[in-house]
Structures are given as structure tokens and as C-alpha cells.
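Reading through the C-alpha cells given below for one structure.
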Amino acid sequence: MSLTLQNVSRVVDGETWISDVNLTLEPGSFNVLLGRTLSGKTTLMRLMAGLDRPSKGKILMNGVDVTGVPVRERNISMVYQQFINYPNLSVYENIASPLRLAKLDKGALDRRVRETAEMLGIDSMLDRLPLELSGGQQQRTAMARALVKDAQIVLFDEPLVNLDYKLREGLREELRSLFKARNCIAVYATTEPNEALALGGNTAVLHEGRLLQMGPTAQVYHKPRDIITAEMFSEPPINVVPGEVTENEVTFDQDVHFQLNNDLKMLKPGHYQFGVRASHIGLVPHSDDDLELPVRVDLAELSGSETFLHVRNPHFELVLHLSGVHEYDVDQEIKIYFPTHKLYAFDTEGHLVHSPARLLEA
Amino acid sequence: MNWMVWTMPTAGFFSGIALLLAGMTVWQYFSPSVERKGFLPIVTTRGDRLFIGLLTSAYLHLGIIGFTEFHVLVATALSVIWIAILMRWG
Amino acid sequence: MTQSTATGQTVSTPKSRQSALANARYKKESALKSNIGLTVYLILLILPIYWLVNMSFKTNQEILGALTFFPADFTLANYKQILTDPSWYNGYINSMTYVAMNMTISLLVALPAAYAFSRYKFVGDKHLFFWLLTNKMAPPAVFALPFFQLYSSIGLFDTHIAVALAHCLFNVALAVWILEGFMSGVPIEIDETAYIDGYKFWNFFIKIYIPLIRSGIGVTAFFLFMFSWIELLLARTLTATNAQPIQAIMTRTAGASGIDWGLLAAAGVLTILPGILVIYFVRNHVAKGFALGRT
Amino acid sequence: MNKIESNKGWLFVLPVFIVVAFSAVIPLMTVVNYSVQDVFDANTRFFTGTEWYRDMLNNPQLQGALIRQFIFSFTILAIEVPLGILVALMMPKKGWQASLALVLVSLPLLIPLNVVGTIWQVFTRTDIGLMGWGIRELGYAYNISRNSGDAWATIILMDVWHWTPLIALLCYSGLRAIPEAYYQAARIDQASRWAVFRFIQLPKLINVLVIGVLIRFMDSFMIYAEPFVLTGGGPGSSTTFLSQALTAMAIGQFDLGPAAAFSIIYFLIILAVSFVFYTTIMHMQKDKTTSKSGE
Amino acid sequence: MAQITLNSLAHSYSANPQGPEDYAIREMQHVWEQGGAYALLGPSGCGKSTLLNIISGLLQPSNGEILFDDIRVNDLKPEQRNIAQVFQFPVVYDTMTVFDNLAFPLRNIGVPEHKVKSKVYEVAEVLELTEQLKRKAKGLSADQKQKVSMGRGLVRDDVSAILFDEPLTVIDPQLKWKLRRKLKQIHKQFNTTMVYVTHDQLEASTFADKIALMYEGQIVQFGTPRELFESPRHTFVGYFIGSPGMNFIRPELTSRGLEFEGQLMPVNEEMIEKIRKLGTSNIKLGIRPEFVHVWTEANDDAFEVTIGDIEDLGTYRIMSFMFGSIPMKARLHEDQKVPVKNARVSFPEQWLKVYVDEYLLELTHE
């Protein structure tokens, strides 16, 4: 079972919500839709589900055009951001509902419901009503209902966003393992880059209704096709510094120069936007060609085992993602080390022209 | 149906309204109306404007019948012009 | 912590504390005030009804004789007369029959319509809605005659269904309106989930959706009952003997020898009782969603 | 909520459409037909054109009734709305007190209109009625069949008694729908009782109030049975409102044509007022939905 | 400005609580110092919101006292306690403009209008709301509404404390980043006691100087983010803080020391003596994934393990492995080499924490 979107657009009241998306999802794949709020993730999912019709373009399942087929006749399931269950049915009946409609015999139905409930750890509350459960359990019920039938496409629309941090971590992990054994297409929408990374699989980056990049998650992360993808797919967002390449030198804002190293030699002279990941800037030099940069501390944010350091110099602001706890006063002057061999370079239109070589390719 | 005491003018009037509604529906079906803001204080669709036009025309008729010596057709003529203005710029 | 820091950083200055205390006292007073106010209002509200009840247990001699706050000569004769005379109690049965019919019809047609208004955009939806509403404004005084002729011409005159249908004129609009408010409060994702699960529309509507808006249906039923039960003009016009409502029968108490006050009062009291029953049933829904779902 | 654009909606509203059209359109057409003819019976009638309209618009009696009607409607709204809000604010929020208050407050709503008239007729009589007797005892020569001021006051009091509960109920549920966080925030912001009402409660009440006012306005324009029983429209014609004037004309004198013409005029008046109201509601709801989708 | 003291405070929602499980807040002793930035961290249902509402006065505690500086405020209503609170979902007065919303708390206490104006502009500037001041609050987006909500908490400069109840729930991730920074700056600027309730460890440790971690109605640890991370006092802290949480194993106390499935764990003698004295069998060893040492070659201290999954999280990677029958995790640097199937891991003694009856066991002389 594969799902293909061909030149799909959706226009509502004169506003373009989805613009010319081409996408193929392979059977057994786990796909993350990454994008900010209102970037079109939900709209795209609704098109895949058949809840809405595209204004233009075709949707193919296994090569068969299903564009106008109502949702009831497509074998899909969906989990929403809000905890959507039938409030007047027990958890058991909620999970059983798609099976009852599929006219499964009693024994098989009961077995499947119990199996699925056990898988999601809600087997002890089958008799309760959804609204008597905690948020996490409600969402598990919704997930169980989505998983109990062997849907060919399972859609998750930011299902964990309303849950506690720790709960999210647990459910995310469960999801990963649940789908390993299945041969269906899973689609998962999220706004959080870390969630996309944790879920693995493929990632499609959406921005203002357009599909910017689609590929294996690690590849999209390490080789973002353009600057918007790079900014969106990292938390904290990738640092962007405008710079100019001359014959054998790179200049950031008049003052900061460094020699073109092997890595950047292929760059033609001209203006670029240089991206550097917050985690790649260090407080101590890691290699010889690290560029020493005096900066002033804006704010040091501590988080568990990590520190997010906001710094600035007269021309630009940077965020550092350091492991360990580092405490600094506001306006303290420090030196940071800018890894010149770990730079992304984007041209003036924002397209990636260079990404740093990696020690380990995923 | 005898008890409904039909007369030609009223039959004509209701047929006219029915035709108008049917016409509006067909028009709406083939070219959906978009809400817009004209000289009226609210955002209106084509149907809203027609309704407002008909309602105000009814008052115009009442006013002319009740408080002037003009013939009722004067009111009708004025109403047609008024509705046309409303449909176009309201 | 030492005393000095405490005095150095008091939560509030003595002055503002005093005013705070005064404020607290004021709050208590205002709560008391509202209790007293409500009690007074409720007493004023009940007083006329009390007077009717009081009168219904009296004999006509006592009523006309002297003003007494409690029936001195307590009698159930008035009630007995009504409850034993079929020409009296049939009036109640008639009224309840057409009210129940009206509630059923109104709900049956209004439920899908309200669903459509809350979920779909269709040609002329707003105008249709407004048209429904305008029917509440039709003056029954003048429409009575055409109604009479209409129902006579189709042979429904003096039947319960005639009154029930006539009352639909104003009740359906109201039902659609109230239900639409409640339905808009149900997330559309529930509908979608049902379709995704494989429900057919009506299956979903009856099994899932209607139980979901129970409160709304309760509140709607309350209003339907209320407006149908209290209406007099249409009910009187469309009936003669077989389906005559109690309200119309009550006018019989004015006989040649003057008005039979005790009997009138008892008949009046009996018209209030079904209402009390209805309120009792919907009282829990009231708190939940009397706001017609529109806040 | 994102509504689906689909004319499937019409399928759902069709039953409502048929039921209401049957009861509304045919009688309305008949009334229009009457209004342009002088009808003696179905076969003896003369076309009169717009004559009745001219007559009616210039008929001082009806003009008088119309003016009285407006004065009455605005007076009762001016009393019932603030009073209803006040009662709603005073009602307890939970517990058995809340249930009791709800049941008691809704009681007058469920009494048939002519029984309401009867209750007040009895209540205000100076010989056997508590209120009439009480006022006499206080030294005021209260007489609703002689003094038009007394008659007016009594009718207004009766309507306030009967219908304030509707406003109170609507407001009560509107108030219940305000999330607790708003009150908490206001307390923390040290808002005064008035500020809480003005900036938290009132804005949320506006929606339900518009509905309440609309229903009350339409109903008060049709008030018939209650004053008919209580004062019979007198003394003179001082409490004769539109419906009663029309009924007298249509049924009493069997002047169908003029009565029909006037009903149309009357209908148009309420239609205009209601349209303005309705448009306001729709705009308020639209504001709400746009702000919702912005979230 | 005030120091907030909770004195033997406890709260139960039921009228006559039987055991400790009936208490939403179990008896606690706690002090929030004046001017501190604190976080109250915990999973949903741990009682953190209850505690916050007790501080603000929206709830009356069933036992104990609450003191602002040295004054008992139990009987004072929220409006008399002089505090500010920002709720999880934005509360704005729809019909007012943004300006009037921000001015509301000031006008309520009768601040002169010129001062109101300057204060509102100051706060609006900080929150970047200046442009919106004249707009009606109704039309704002959710995050702008929340900023207005926060603004109302910040305008009064005389407040005893500002309480935040998961204020960033409705905010977009990109904006969260900015607002967290803003809050921290505001704290530095105004020096007011701030208590911030959240279930998100990142938000908590970013904002707060000290975190109170709540679990089942109790504060199980109160300390700096670093303390919570490096020496969790309770197994729950170990699990809850850090992503992924701490790895736990249940060793057996034998004559050789602490053994897990036949392997001797690196715990020093003194500690083992101490455990023996306590005589309990509920012993757990915890180690954070960050401190698990992964070796590619054989090593004396290392145990051989089977590698499962490796997740690439961009800036680091998570390696899952089976230590005997127990799944464990190790956090690896982006560029660190990973062995293919079998690896050797070691647990440095200083990071291997001993928990007895779920609480951390420490050597006193340290």
C-alpha cells in the first residue's frame, strides 16, 4: 500500500492552504510532517484521509485514484490533537467501535480490543468512560481505536502536544516500536524538531502550505535543502550569520575574517548566509581552524544537563547549546569558538550550497 | 383552495416572489455570491441585499399608500430602482 | 526570620489591611444581601400562585365571604369535581396529548435541521434560518381564521395533531435554534472519527450524536413544552370538543350565577402541575446548558 | 468551527421546511389575499386593492393600539432585562438551593397564558384578591377597571412577574458558562464587584440577552390572553394592545380585509425590528468565530 | 515583595481524610525566599496547581499555615494578598483594549492615571505589545492574549509574588523560546519573587534558580537544576529530570557487595556497610544515560552488553542496550564512535547512585 499525492493544492475562501504538493509515502514507512502552526500540516492530513477534497491534483492509493472516495470507504484511521473519543461510550466500546462496524465476530473482536488495550496500557480501565480518565489515558484510548483496525494509513495530528512532557517521551517511544511491526503508512504531524528526530523515519518539512523537503529524517536534519528548513528543523534554531566570500577569505560583517579552509573552498566569491548549529559552537577550541570570537552574554539558560547561552557581538546574535551547566552573568564578556569547518552555507535565495562533512553518515 | 380567496394580483405577486427566489438560487448555484461591504453598514451577500431591498420596498409601499396621494405603481417603480441600486452598490 | 525583616516588609500597610478587612465585611454583607434579595423575589413570585392554591381549597362561600390566608374550611370538592367529570379532565388529557405530539414532531424535524445548520454551509442557510424565526412573529389573532380554514379543508379540525402542527410554527424554529447552539459545541472531529471508524451517517447520528447532546435536548424539550403548553389562541381555534384544551374549558366556570371561583382556582392549579414535573426533570440540564450553548 | 460547504444540508432541513411551510406559507398567503379584498364569504368578495392598507394606516384606533404596544413592549423590556440579570446574579451557584431556586423561578413560565390572567385577576381583586385587598388596606383606591393608570401598572406587573424568569434563566446559565479562571483572575487583579460584572459577566451575557430580548420582544407584541382576561382591554381602550384590537376586528366584527391588511403592516414592523436584532446576533457570533480561528 | 513560608501545610479535598493518599498536598515545610525565581515542577496530578492556588488564596489549606514574610495570610482572600497570577489559558477581558487590560489591576487599586500610563507602556515595551495597545483584546491571537495576561501580572510593582501556572502551554515552540528569555529578563529587572508551575523540566530549569520537584503531594527535592540532575534525592527525580530519565537496576545485597545478575557493581565498601545496617531489600542503583561510559575495546571495569536501537537526535544520540535482562540507555555525543553489536559499558562510581526505599543514600562525610 502506497500513498501518492500528485500536484495537490487546497484553496479555501481564496486563501491557499496547500500549494502544489507532490509526495509519495511507501508502505511500512513512518513519516513525520514538520511545520509551524498553520503551515498546512492538518490540512494535508485531512486531504490524505479524504476528509477534505483537494482543489487541484490527485491522490492515489496503490496507484488507484481515490481523490473523491469518501473517508468511510478508505481504510484509514486518525488521532487528533484534542482527545477525541465518544464520551458516552466506555473505553472498551470506543476501541471496539471500528471493529463492530467491520462486523467482526464476537470472540475475535474481544481479543483484538483487549490486545490493543494491553499494548497501550489501558487494559485496566476498559469499563470506564473516557472523560473519567487522565489526558494521557484518553489519548491512549484514541490511539487504541486508531490501531485496533488494520488501517492502511494511520494519521496522527500532533497527538502528544497536550500531554505532560514525561508522558510524551514514553508514548513517543511506544509509537516507534508499535509501528516497527506494522506494514502500514504512519503519518505524524508535529511542530517540534526534537519530536521529529526522536521518531525517526522520514520527515517532510512544510512551510506556508508548500513542501520544502522530504527524506529520511537524519538526512533532512543534516542536509537541509534551504535556510527555512534548517531554521525550522533544529531547536534552538540554527544560527544564521550573513557573510561574504572573497578569493581566500570569509568575512562576517566587516570585522571577522578567516581563511577559506578545505571545507569551504568550493564556494564561489559572493554573499552567503552561513548557518551554524547551536551545539557546534564551543567554549573551548575543538580544532585548529575554530574561530575565536569575543562576545557578550545576553542570558544563560540552564536546563537539566544543558545550557543555552545567548550571546551577541555588535553585529549578530548567537545561541550556544552546551552540555553541562555553565553559569554566566548578563553582559559578561567571554570568548567562544566558531567551528569554521562545520558551517552550512546558503546562497542569497536561501538554498543550501554547502553542508559540513560528517564523521558518521547516518 | 377556494377558501384561500385568491386574486390575480396576489397570485401574480407570490409567483413573482417564488420566481425571484428560484432565480436567486440558480444564480447562487452557478456563481456563488461573495460577502462584501457596500454602503450598507453590514457585510452582505446577494441574498441579504435582496431581502433588505424587499423589506424596505414594503415600507416604501406602505408609506406611499398610507400618507400620500400617489398611485401605488409609483411606489413599485421607486422600489425597483431602489432594489437595483441596493443590489449593485449595497 | 527575625522580627525586624517582618516589619520591614509587611504584606500590606496597616491602613490597607484595615480596608481589606472592611472589604471582607462588605463581601459578606453583599452575599447576605443577595440571599435576602433572592428570597424576597421568590416570595413575591410565589405569592400569586399561593393565592390561587389557597383559593382552590376553599368553598365559594369562604372565598367571597372574607379574606383568609389559609382555607378555614378546607375542601377538596373543587378538585374532586374536575377529576371525576370527563368533560373536565379530558381537557387536561387533550392538552397533554397535543403538547407531547408537538414536542415529538418538533424534535424529530429539528434535530437533523439543527445538525445541518451547525455543520454545513449551504445555499440560503442564513435566510432559511431567519425565515424560520419570523414565523414566531405571526400574530395568531389574524392567522387564526386561515388556520381554521386550512385544517378544516384537510379534515384535521378538532384533532390533536392539528394543534400540534400549528404549534410547530413557532416551536420548530426555537428547537432548531437551541439545538444548533448545543451541536456547535460538539467538536466536528467526533463526526469525522465516526466516519473514519466506518459509521454510516444515521447510524452515527442516532447512536453517538444524540446521546452526546442529551442536555441540549432536555433544555429544548423544556422550551417546547413551555410554549406549546401555555398557548391558547391557536389551540382554541383549531378545536371544538374532541381535542379541546383545558385552557378553553376553564372559561366554562363563568356561569349564569357568576364565576365559580373555587373551581376556577383548582383548574388553574392543575395546569401548573405538569410544568413542575417538567422542570424537575430538566433541572440538572439547566445548570449545564441552558445558555443554549451560545456563550 | 469550519463548516463544510455542501448543499447536502438541504436534505436535513427539508422536514423542517415542509412542516413549517405548511403551517406558515399557506395561512400567510391567505392573509395577503384577504388584505386586498372585502370578503363576505368565499364566493362573495370584492377586490379593493390597497384601500384597506390606506384605511388602516390612518385608523386612529389602531395607531393608538400600536403606540400603546410599543410603550408596553419597551417598558417591560426595560424592567425585565435588568431585573432578570439581577435575579440571575443572586441565584445560588450549586447545591440544593440552586435546584430549588431554579424550579421556583421557572414556575411562572409554565402556566398557560389565560391562567396567568386568571391568577392576576383573582390576585388583584379588591374583594377576594390578596394584592387588591392589600393595596386598598394601605389606603389607595386601587381600581383596575376604572383607573387606566392602575390597569397599566397591573398589566406591566403581571408581565414582569410572568416573563422576568425567562431572562433570569437565560442569564443564569450564561453566567454558569463563564470559566472559573476569569473570576480568579479578577480577584487577583483586585477588581471591584462592579468591575467583575461590567467586564466579565456582562460581556458574556450579551449573547444570551440578545436571544432573550428577541423572544420577549416578539412575544410581547403578541400579548393577548393575559390582558384580555385581566382587564378586557379597558378601562376604555387604555390597555387594548395590537392583538386584541386585531382579534376584535377579525373575529368580533368579522372585518377580515382590514384586519388582514393591518396584520401585514404589523408583521412588517416586527420583521424589521427582529431583522436588526438577528443581524446583530449573527455579527456577534461571526466575531467570536473569527477570533476563535485566530487562536 | 515577600518571602513565602509554608508551615506544616497540608491540603485534602475530602472532608475527613483517612490516610496520606487522601491528601493532595501532604504535610510540608517550605520557604520561598524574597526575590527568587522558583519553579514547581511535577507530573499532572501531583498537586502543584493545588499548592499554587493555596499560595494565591484561591484555596484554603486544610492544615498548616502560609506566611508572607512573618504574617499569616491563611484568612486573607486573594485580592488582599497582593499577588499576581498568570493562568494556563489566557484570561483577558475581551471588551477592553490591550491598554485597559494592562491598566486594570492598577486602576482597581486607585493608581493615578499618569502613573498607570507610564507603567503600562513600560510593561508593554518589555512584552513587545506596544503596537497592540489600542486594539481590542478579543481579536488577539492566543499567544498575544497570554502576553496580555502576563502583562497584567507584571504591571503592579508592589506585588508580594508573581505566580505562573503553566503559562506557556498555548504558545508556539518558536515563541516559547523568546518568552522564556523574556521572563528571565523580567525577573532580573523587577526582582520579584516568582513561582512558576510546569510539568516541563526544560521550562522549569530554564526559568528557575531553584526547582521544587513535586511527586504525590510532596516536594521530593528542592534544589538547583544542577543538583536535581546530578544527585537526584529520590528515584522519581531521577526518572523525571533528564531526557531520557535515569537508568535503574535492582541489585542484590550479597556477601561480595551489590550484585546484579552475577555482576558486582562498583559501589564502595563504606556505602555497602551502610546499606547492610539499614537492613532493607528495596535497593536501587541509578545512573544517568549521560554518565554511562561506552567503550569500544575491552576494559577491566566494563560490562559487556548487547546494543539495541540507536536514535539520532541531531545534536546527540541515544543508544539503547540490554544490560543483562534490563534495558538501559546511554547518551552519546554526535561524533562519538559506536560499536556495532556488542559494546562494553562502565558505570563510573561517582555517578552510580544508591537508592534505599526510593531515597538517595549518601555518605555523610562527603
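The first chain written gets the first letter, and so on, giving A, B, C, D and E; residue counts start at 1 in each chain.
We adopt the following convention: contacts are C-beta pairs under 8 Å (C-beta built on N, C-alpha and C of every residue); 3 or more make two chains touch, one makes a residue touch a chain.
If you're wondering where the values come from, they're calculated on a predicted model, not measured in any experiment.
The fewest steps needed to get from subunit C to subunit D, moving only between touching chains, is 1.
Any chain bridging subunit A and subunit B, meaning touching each of them, is among C; the list is complete. Averaging C-alpha coordinates per chain and comparing to subunit E, the farthest chain turns out to be B. Per-pair tallies of C-beta contacts place C-D first. Averaging C-alpha coordinates per chain places the centre of subunit C 52 Å away from that of subunit E.
The centroid of the Cα atoms in subunit B and the matching centroid in subunit C are 37 Å apart. Centre-to-centre spacing of subunit D and subunit E amounts to 57 Å, using the average Cα coordinate of each chain.
Shared interface positions of subunit D, defined as residues touching 2 or more other chains, are 26, 30, 34, 271, 275.
Along subunit B, residues 3-4, 51 each make contact with two or more other chains. Shared interface positions of subunit A, i.e. residues touching 2 or more other chains, are not present. By the touch criterion stated above, subunit E contacts subunit D in their complex at residues 56, 58, 77-79, 83-85, 87, 89, 91, 93-96, 104-105, 108-109, 138-142, 149, 152, 170. Across the complex, subunit C meets subunit B through its residues 123-124, 126-127, 130, 146, 149-150, 152-153. Residue ranges on subunit B touching subunit C, taken from their complex, read 3-4, 24-25, 28-29, 47-48, 51. Those residues of subunit C that touch subunit D in the shared complex are 30, 34-35, 37-38, 41-42, 44-49, 51-52, 55, 63-64, 67, 105, 108-110, 112-113, 115-123, 125-126, 128, 130, 132-147, 149-150, 165-166, 168-169, 172-173, 176-177, 184, 188, 225-226, 229-233, 246-247, 250-251, 261, 264-265, 268, 271-272, 274-276, 278-280, 283, 286-292, 294-295. Put simply, subunit D touches subunit C in their complex at residues 1-13, 15-17, 19-20, 22-24, 26-28, 30-31, 34, 86-87, 89-92, 94, 98-99, 101-116, 118-120, 122-123, 127-131, 133, 161, 165, 169-170, 172-174, 176-178, 193, 204, 207-208, 211, 215, 218, 221-222, 224-225, 242-244, 246-247, 250-251, 256, 259-260, 262-263, 266-267, 270-271, 274-275, 278, 282, 285.
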